[in-house]
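Alright, structures below, take your time with them.
Presented sequentially are two complexes of subunit A, the first with subunit B as partner and the second with subunit C.
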Partner chain A sequence: MILMKAKAIIPVLLMMLFCTGCWSSREINTLAITICLGIDKTDEGYLITKQVLNPTALAMQKGSDEDPVVLFVQKGENLFSALRKIATESPRKMYNSHVRVVVLGENLVREGIKGILDFFMREHEFRTDFYYVIAKNTTANEVLRIFTPLESVPGVKLYLSLENSERYWGITSAINSIDLVQSILADGINPVLPGIEIISKAGYSEMENSNDEKRLQYTGMGVFQEDKLIGWLSEDEAKGYHYIIGDVGNYVEQVYYNERDQITFEVRNSQSKMIASCKDDKPSVYVEIETSLNIVAVEGVLDITKQENRKVLKELLEKRIKLFCEKAQKKAQQELRSDIFGFGEVIHRKYPKLWKKLKESWDTEYVKLPVHYNITVEIKQAGQISKPLFMKEKK
Partner chain B sequence: MGILGRVFRRKSKKQIPQSDTHLYRDLLTNITRVKNDFGQSDDLTVNSFKWNDSSPSICASLYIKSLVNTETINSLSEEISNLKIKDNKSRQALPFDVLRAHFSGVRTLKEGDKYIDLYADLLSGNTVFLLHGSRQYLSIPTESTEGRSVEEPSSQTVIRGPKEGFTENINQNILLVRKRIKSNTLRLENLSVGNLTRTAVGLMYIKNIAKDSIVREIRDRIKKIETDSILEGAYIEEWIKDDRYSVFPTFLSSEKPDSVASALLEGKVAIFTDGTPYVLTAPALMVEFLHSSEDYYHHYIIATMMRFLRFIAFFLTLLVPSFYIAIATFHQEILPTPLLVSIAAQREGVPFPTFLEALIMENTFEILREAGIRMPRAIGPAISIVGALVLGQAAVEAGIISAVIVIIVSITAISSFAIPNYEMANAIRATRFAFMILAGVIGIYGIFIGIIVLTLHLCKLKSIGVPYLTPIAPWIKDGNTDTFFRFPFWVMKNRPFGLHGDDKRRIGGEYTVRKNKKGNQEFR
Partner chain C sequence: MNETKITSRQIISLTAGVTTAGSVLVIGALIASTAKQDAWIGSFLAILFGIPVIWVFLFLGRRFPRMTFVEISRELLGKWLGTVVAGSFLFLCLQISFHTPWFMSDFMTSQVMPETPHYVIRALYIAAMSIAILYGLEAFARASEIFMLVVSVLFVFVMVMVIPNAKIENLLPVFENGLIPVLKSSVFVTCFIALPNITMMMVYPARLDDLNKGEKSFLKGYFLGGGITCISILMSVLVLGWAITANSRFSVFRFANLINVGIVFSRIEVIVFVVWVLTQFIFCTIYFYAFVIGLSQLLKLKNHKRLVLPLALILLTMSEVIFPDVAYQEHWAVFTWIPYIFTHGFVLPVFLLMVYWIKKRVLKMDIGDNRGQK
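Let's turn to the complex of A and B:
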């Protein structure tokens, strides 16, 4: 009886064995773990730059002569052939599941990235949680050749500082494969991608003869029309963009009061709501922004404990935020003519019938779309002290 | 030995003539027969009893010197000489009734007329009186109770709670439990198992709390055991186990009388075996192997926390090495990147594949553990030095194995020691190797196949007809006040696990301290 049961189970188990996808054993020390991938456009196809971990260098705790990463550069007619061609120069199997950041050269992005995205979504080894950044005014190859401080692996640096700046500098967004593809596919919204720039400043290096004066910095956002890069938002415009879509992290904001008192705020939370409205088939969008801030520093003698002063500060902040929003709107609407805010989508959701008519001519309609702002600001906390430190009490 | 063997064979089909099995009337014939049957063994002592030096022997006392208590024998001799003074009539023979009357009410008496019973009595340490002219014998228990005194158990230590442990003496062990349950419903049945060893086996249960069917089943199974020797409770366990191929223990062995008492109160049956300090309780459930008697001596929140730790340790022991193998050789993508980077850095230069590395280190640990138990106590510290330094530090520094695997093995090892029952810990450690092989061949997929098979196996197991995973599968509501959680005593109203007989309730009447604070007096 038991034997019969066992016999019945064995084929079931065996069938299960063959029902899985691909699996194969590979030891960690036979893998070349790719952390960062750079793609540039060349005349005959793509130029791939791969940053691969060098575990030997990482294993030695301090003072290693070897570099923490190894670069592999290869050309190919398409991405896959270029990636595979690296096998001819690498003793280890390329392992792509841990790619954190994909850097796209600016000239490539201007020509369109649809083909690349299809590859990344289709290929099983790539996950969808890595971030895309654009090498602004340079090539991906150049960006990946810069070694970075603090984080020994440059790819990890790119990844962490992107997340960090999204959280504490509020105006760069980290965008992964799924976000990017979704905003390309959706009607009435166009994607943006953060840009990365090579900067060189004197005074970075402590040593005289050191030549790592070049650093990488995230600057601005690249604006897309469909899958092609068409222009850049400046820092102020990027700020406005984030206020409108309600995705500002812990950003810094400051206002001047009476030309001499500078008050610095930290944005705690900023949310926005886009509401479409329609009058005589003429759509318009209301953007409601709710921002709460904390006071971080008061330079001057303004008594921020007084309600009337706070009211003035609020008004100043509201004006300032509105200014940023309008700047961003103007740039996107008039200059670049790309609906990065997703206004079209908002109208689509509320007035599906109207959208059918607008859909074909949205690119021209969008430029004329009136946008109204309603900004409410709340000052929450004043930090550990209340009145400005050096304010003299009136006697 | 020929006759002995024949006499002790239980299901002997040969009909032995009555004259051969029963005592003779003649005293000397009887004595010679006994002496011959014991092969003139030197410790068989025969004292003949005469009225005076010239008269013939009318009575003889027989005992095996090594088995009896000398003091008891001495006092018995005094009593016999009292009889001599009292009954000084110089008779030819001492009537059986007189002797019996002399002792009755003072000593526990047993009489019989067969050699087979006589030998059994002699061998259990009784003194046997043979009378001239009588075909009966009288036996008086005089066995020696010497042995280890009650000590702290060596394998089940507790911080709080009774520190008495069982000894090798079955009567002592029964006493230790009886002391804890002073109820006339506590029942004890004596059985003897093993054709040669004639080991005393005690079956203890509480009437009405234990299910009759379970008691009957255990009794029947023990009676069916046909073997020449029972030297430890494990013999019984192996003979009467439900699934004899399973590595998982289905009898809970305990060294602590309080654990046995609490098991009895839950409706279990305790099996005492003479000669071992381990008492078996059955039916035993999977979850109970992860319970400790200390769970009930601490606050219920603390006890629940400790229980959770043990459940976590259980899974760590079982799965940590296999998950490491699977992730390091198949599923590198599920690690966070920084962790992968540090593992990759550690693995650099290690000559073995991860699976082999894990297998080597796990085996090394098993050898260390085994050596730690077997070797003389005095060289105990040596093994820890060798183990910690040579195998841990030196091997990592030499680059033969990675530091990660040392951490993995240590976690496994320490977790396995957190499982309170040693047999269960062994079973898990053995299963772990199967999981490691599965992980080494097909990765996490293999581990999950293993988990499915293991779960099916555990569901199939039974302990004396009770499903092993009770009260989880089948789900029993009352049992779950005491499986993963240890509920407060006032919540555990019914006996757990659904194993109990008619007496289901544990508590009755009012609680001493009520929830309603008004009812309680406040003193200031």
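Let's turn to the complex of A and C:
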């Protein structure tokens, strides 16, 4: 009996040898979690700036002397060697699966980002769900050196404020690897990426942290020709761009009825449809935009409950949105000559045969492409009061 | 005879496993590079193309309800030619049973655990396979039932979760390059989903308890497996677009990366990995089992289980050296595998069928294993 039991125990013991978990398992306290990655181009190659979480500082709720993140900077001839070289100064193994944002220096982006994208798509540790932003007029290194208020980890700040500004300000869009690669690969669309800028304002100097005079702010969108940055959309143009592609978020819109009366709206929902049409092999694109807005403030005495006034407001809004769209279109079409709206893809989808002819010369065809707008505006709600509070009733 | 029998439900799970495993992660790239955005149409057509193939298997099975594929070919083609044909078929089984561990370890080391040595993963995998065969077909078939249940649930879960990332524009324009590339791609897919089921002929009629139900189950399993493959290709194109799908080695794994529903359901791509491991296990074990059984029938051995351990060692060694690198494997999958499985999975059974008809109708010989229909 004892022998039988001993025999049964041996396989169990052997099994334990195989149940020790992953071969290359690492405990969390041996990892350095990268939250944000900045890439710049220098004469010798790439300059990498890595923001790594500092767990001891984060664990202490307040009053810590340590910074919440640690920066690592390295140069290398290529991306991978620069990333690996960080091992020479970091005691912990870098862990890249939690990267939230990749900041690309403007110099680098002007030279093209195909090589970088290939690396991010190939390397197994990088996922595809982080966002790309461009450091406008500066380097990624500068951007990552700025400490941010409210959110103690700057990388997380970049990520959250990008998502917030996409939702509530509507001039940026969060773009991940898949979107970016798709729009570089497709013939009839060029990518855009949000830009981030360092701003300094006098009002911030009250803060205790000496670095706090500078803040980071998303401004406009960078326009690409294939994988190279060729120009910037201003804030208004970026707005128009987002109206055209139907991704505005809860943007704020205001119109002047006359000198005194300013009405402010919040965009509740804005959708667009791009429809290609074709006459004698000449393509054109119709953009249908449907926007619904809520009134959030009325300055002045305009009676917004009256039908005819609402009608006028609608017309004003339609004009205003059309103006933004045309601005964006003009900039992209005439000045930058880059099809960021994907009009080419719209034609491709509907007229694949025509597209075969157009494809080669799309860059020149695109400049001549007529675009028509059809904008419908609906004013949905007017908040908690109906007429303006201080309007005098005529008796 | 005191042979183990499996139920028709278990045939469903085994067939579905074999159908899915050859394809679910790997052929996305192949089919998307040929058929572009119409890849999903190609894969749906492939299921239809596979039906006549499955019908041939079922027809042979009905004529010889007590025989395995090796025995059928010996019965029809005589001792010498039959042995050669059966041997060639068994070599296919052997080859696939050491290819699959290679695929496994390649996927594991390139996507999940880059620092684990290949041979550790392969050794564990082959050990699990050998244990499954030593326990016998019945135990393994029961396990496969549970596996396919888990696989189906997880698969549906992943596909539902990824829907917010899908863009319908990625499928347009339909038939941009005409029908030819689509048909071409669907022939490829047929080679990966329907033809590998030839190996089921070592199990399907001989070890089945109820033939009439079994035929339906075979088809059901085929449709289940084919459906999983189709939906995974459709979702790859919807989420990633054809260009990235064509360039990704494991496209399903890649799009599962993007799942982020609420905050709770994110970073769950390892689920895809579970689906892959379980179906591969069913697939590979069936092939290995077919080889072991077939070899013992060919050599007239009494106990096939004695072959398992020495053959497992051969698998371990061969899986190490079979493909020198990834580029070679990708080339092999297109230029070697397709003609290879086509001759063994389609030409061979059709040939046997013709021989059967000639012998029965022209030569009026009393042929067929009708002991079951007395």
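Definition applied: the second predicted complex is superposed on the first by the 366 of 395 C-alpha atoms of A that agree within 3 Å, B and C clash if a C-alpha of one lies under 4 Å from a C-alpha of the other, contacts with A are read in each partner's own complex, and residues count from 1 in each chain.
In this section, a residue touches a chain if its C-beta (ideal position, glycine included) is under 8 Å from a C-beta of that chain, and two chains touch if they have at least 3 such contacts.
Predicted model, so just to flag it, every value in this text is computed and none were measured.
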Which of subunit B and subunit C A:33 touches, first, second, both or neither: first
When both partners are placed on the shared chain, which of subunit B and subunit C touches more of subunit A: B
First, second, both or neither for A:181, with subunit B first and subunit C second: second
Touched partner set for A:53, first subunit B, second subunit C, both or neither: first
Partner chain in contact with A:127 - subunit B first, subunit C second, else both or neither: both
Partner chain(s) touched by A:100 [first = subunit B, second = subunit C, both, neither]: first
First (subunit B), second (subunit C), both or neither touched by A:352: second
On subunit A, positions contacted by subunit B and by subunit C: 23-24, 127
Residues of subunit B touching subunit A in the complex: 328-330, 332-333, 337-338, 340-350, 353-354, 440, 442-443, 445, 449
Contacting residues of subunit C [partner subunit A, same complex]: 110-117, 120, 124, 169, 172-173, 176, 239-241, 243-244, 247, 254, 257-258, 260, 266-267
Subunit B-touching residues of subunit A, taken from the complex the two chains share: 13, 16-17, 20, 23-29, 31, 33, 35, 53, 55-56, 58-59, 95, 97-98, 100, 125, 127, 153, 156, 159
Subunit A residues touching subunit C - in the complex, by the definition given at the top: 18, 22-24, 121, 124, 127-129, 176, 178, 181-182, 185-186, 345, 348-350, 352
